[in-house]
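Letters A, B, C and D name the chains as they come in the text, with residue numbers starting at 1 for each one.
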Amino acid sequence: MMRTGRVEAFSDGVFAIAITLLVLDLAVPPLEESRREGLWAALGHEWPSYLAYLVSFFVVGIIWINHHTMLTLVDQVDRVVLFANLVLLLFVSVIPFPTRLLADYLLEPEGHVAAAIYSATMLAMGMAFSALWLTISARPRILRRPLDPATRRATLRRFGAGQVIYAAAVALSFVSAVATLALHGVLALYYCFDQLTPSGGVDET
Amino acid sequence: MMRTGRVEAFSDGVFAIAITLLVLDLAVPPLEESRREGLWAALGHEWPSYLAYLVSFFVVGIIWINHHTMLTLVDQVDRVVLFANLVLLLFVSVIPFPTRLLADYLLEPEGHVAAAIYSATMLAMGMAFSALWLTISARPRILRRPLDPATRRATLRRFGAGQVIYAAAVALSFVSAVATLALHGVLALYYCFDQLTPSGGVDET
Amino acid sequence: MMRTGRVEAFSDGVFAIAITLLVLDLAVPPLEESRREGLWAALGHEWPSYLAYLVSFFVVGIIWINHHTMLTLVDQVDRVVLFANLVLLLFVSVIPFPTRLLADYLLEPEGHVAAAIYSATMLAMGMAFSALWLTISARPRILRRPLDPATRRATLRRFGAGQVIYAAAVALSFVSAVATLALHGVLALYYCFDQLTPSGGVDET
Amino acid sequence: MMRTGRVEAFSDGVFAIAITLLVLDLAVPPLEESRREGLWAALGHEWPSYLAYLVSFFVVGIIWINHHTMLTLVDQVDRVVLFANLVLLLFVSVIPFPTRLLADYLLEPEGHVAAAIYSATMLAMGMAFSALWLTISARPRILRRPLDPATRRATLRRFGAGQVIYAAAVALSFVSAVATLALHGVLALYYCFDQLTPSGGVDET
C-alpha cells in the first residue's frame, strides 16, 4: 500500500507531457511550399495537423480531469491499482502517435486506416479507464468513504456508453476519416460541457 | 470540488514542459553551411531562432508567475475553473509552434503572417487568462479570502491593457515582423520588471 | 539531509518524461511507402518500433513502481543517496536511446549489437538500482523504521537474480536480437504479475 | 510572497525535462553508414554525442542537487527571487542546445566555437546561480533560519571559484575543443564527489 500522492504526481507528469508533446507534431509548412503558394495557403493545407492537435488536446485534458476526480475517492493504492493505472497511462502517453498518424494520413485514400487506429486507441483508453474504475471501486479498504453500489453501476454505465461511441467511431472510420475526426471533436466538446454540469463526473453523488 | 494542489501540479507540468520544449527548436547550423561560411556566421544567420526562443521563454515564465499568483487566492476548484484552466493551458502549450513558425519565417517576405499568428496566440492566451480570472473571481466560495471588487476590476483592467497591446502587435505584424518580435520582447521585459515592483501582480492588495 | 519529497518529485519527473518520450520514436510510415504497399502493410513493417516501445514502457513503469516502493521506506536522504539516485536516473532517462537503436536495427544483420546495447542498458540500470538499495538499506538513520537483515538480503537476492537474467540477455543478443527483445518482454510481463502478488516488491515484509 | 513548494515543483519540472530531453540528441547511426562500416564502428564515430550527453547529464544533475540544497534554506519566495530563479532556469533549460552543438561540431575544425559556446553557457548558468544565492541570502525574512555571514561569503567564494574555472574553459576552447569537454567532465565528476563529502554544498554549516 502506498500514498495516492506519488501516483498522482507520476500520472500528472505523464498527462502533462503527453498533452504538451502534441505540439511537436504541429506542422510548420516547408519554405519552398510557402514561397510557391503563400504562407496562408501552405498553413491551410496543414489543417488536419491542427484539428487533430485540438481534438487530442481536449481528449487528454478530459481524461486528466476524470482521472483526477476518480483519485479523489482513493486514500491509498495497492499494486493492482498501480498496475491498472500504468495500463491507462500507456494508452494516454501513446496518443501523440495516432494523432500524428491521423494528421499525416487524413486526406490520403487510406485515411480510414489511420482513423480506425486513432479510434481504437481511444476505445482502448476508455476500456483501461473502466478497468481502473472497476479495480478501485472493488476495493472498499482503499476508498476514502464507502461507495454506494448504485453510483458504481451508474458510473460504469456512463463509461460503457463512451466506449460504445468509440467503437462506433472505429466503424465510422471505414466510411470517412474526416467524419471520424469530427466525431471525436464533437465528443470531446460534449464531454467538456458535460464536465461543466453538476451531473457530470464520478464524484457528483 | 477538488483541491487546488493537483491542478497546480498538472499546470506546473504543462508550463515546465512548454518552456523547456522550446529548446528543441534552437537551430544547430547544418555542417555544410558552417564549413562554407564559418560557424560564427552560420550561427549568426539563425538569430531569429534564438531571439524567438528568448522572448517565448520569458512569456511562458511570466504567465507561470501570474498563474501561480492567481491560484494562491484559490482554495478549491470546481469543474468550470478546471475547464477555464485547460483552455489557458491549450494556449500555453501551443506556444512552441508559433515560436518555431516565427523563427523559420521572420526574414521571409511573408514573415508578417508568422508574426500575426504569433501575436494572435499571445492575444488568445491573454484572453484565456482574463477568462480564468473572471471565472475565479466570480466564485467567492472557492476563494481563500473575499476579494474586494475594486481589486477585481483593477486586475481585469491591467489584463485588458495587455490584450490591447497584443491586439496592436497583431496589427504591427503587417507592417514589420521583426518590429513585432521586438515589441513582444520589450513587453516581456516590461512585465518582468513590473513583476519586481510591489505594485505588480494580482495579490498585491 | 533533505526531505524525500523533492527527490521523489524530481525522480517522478524523470520517469514520467522518459516513459512519455518513447512515443516520439513510434514510426509513422513514410507516405510513399504506404502508397506503394498500403498503410496496413507499411505499419506492419514498423513492428520492431511498436514492440520495443511496449517493452520499454513497461520496463520504465516497473522501475518506477519499485523506486516508489523503495522510497516509502526512507524518511530523509543525504548526498550519497542523492548521487546514487542520480546514477539510476541516468540509466532510466537514457532508455529511449537503446529503444530507438533496437527498433531501427532489430531486423538488420547487425541487430545483435543493438540488442546487446539494449540488454546492457537494462543490466546497468539493474545494477544502479541494487546500488541505490545497498546505499539506502545501509543507512538506518534515514529509514522510517528499522529494516530486518533477512529482508535486506532477500531483496538483494531478488535484484541479483534480475541482473543475472539481464546478463543472460546480453549473451542471448549474439544468438538472436528478436529473441532478446522477446525475453525482455516476457521479463517485463513477469515483473508486472510479480508486482501483483503479495510476495512482490520491497515492502511486503 | 508565496510558498516555496510551487517554485520547487516548477523548477524540478524544468530540471527533469532538460535532463531527459538530452536523450533526444543521442545519435542513432544512419543505416547506410552501419551497413558499410559495421554498427560498432558507426556507434564509435558518434562518441562526441555520447560523451557530451554524459557530461551535460551530470552538470544538470549537480545543479539540481545544489538548487535543492539552496531552497531548503528558504521558507517563502518573493517576486525578485522568482525572477532570479527564472533566469537560472533559462540557462538550465537551454543546455540541450549547446550540448547538441558541441556533439555535432566537436571533431570539426571549428569545434572551438562550439566548445566556447558550451563553456559560456555553463559560465552564465554559474553566474545565474550565484545571483540567485545573493538574492536569497540577502533576504533574511524569507529564510527559515538566519544565515551567518561567514557561511554566506564562503559559499559565494566556492561559487566564484567554479565560475573562474568555467571562464578558463571558455579560454581553453580556443586551444582544444576535446580538452574543453574533458575539463567539463572532470569538473562534473569533481562536483559529484565533492557533494559526497560532508564539506560540500550550501547547508553543511
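For this structure, a couple of remarks:
Quick note on the criterion: contacts are C-beta pairs under 8 Å (C-beta built on N, C-alpha and C of every residue); 3 or more make two chains touch, one makes a residue touch a chain.
What you see is a predicted model; the values in this text were computed from it and never measured.
Where chain A touches chain B, under half of the residue numbers in use are shared by the two copies, so each contributes mostly different positions. Chain centres computed from CA atoms place A at the largest separation from chain D. For the pair chain B and chain C, the distance between mean C-alpha positions equals 36 Å.
Chain D has its Cα centroid 26 Å from the Cα centroid of chain C.
For chain C, the set of residues that touch two or more other chains comprises 9, 13, 16-17, 21, 24. Only residues 2-3, 6, 9-10, 13-14, 16-18, 21, 24, 79-80, 82-83, 86, 89-90, 93-97, 100-101, 104-105, 108, 110, 113-114, 117 of chain C touch chain D when the two sit together in their complex. On chain B, the positions that touch chain D within their shared complex are 8-9, 12-13, 15-17, 19-24, 26, 28, 31, 34-35, 38-40, 43, 53-54, 57-58, 61, 64-65, 68-69, 72, 192, 195-196, 200-201.
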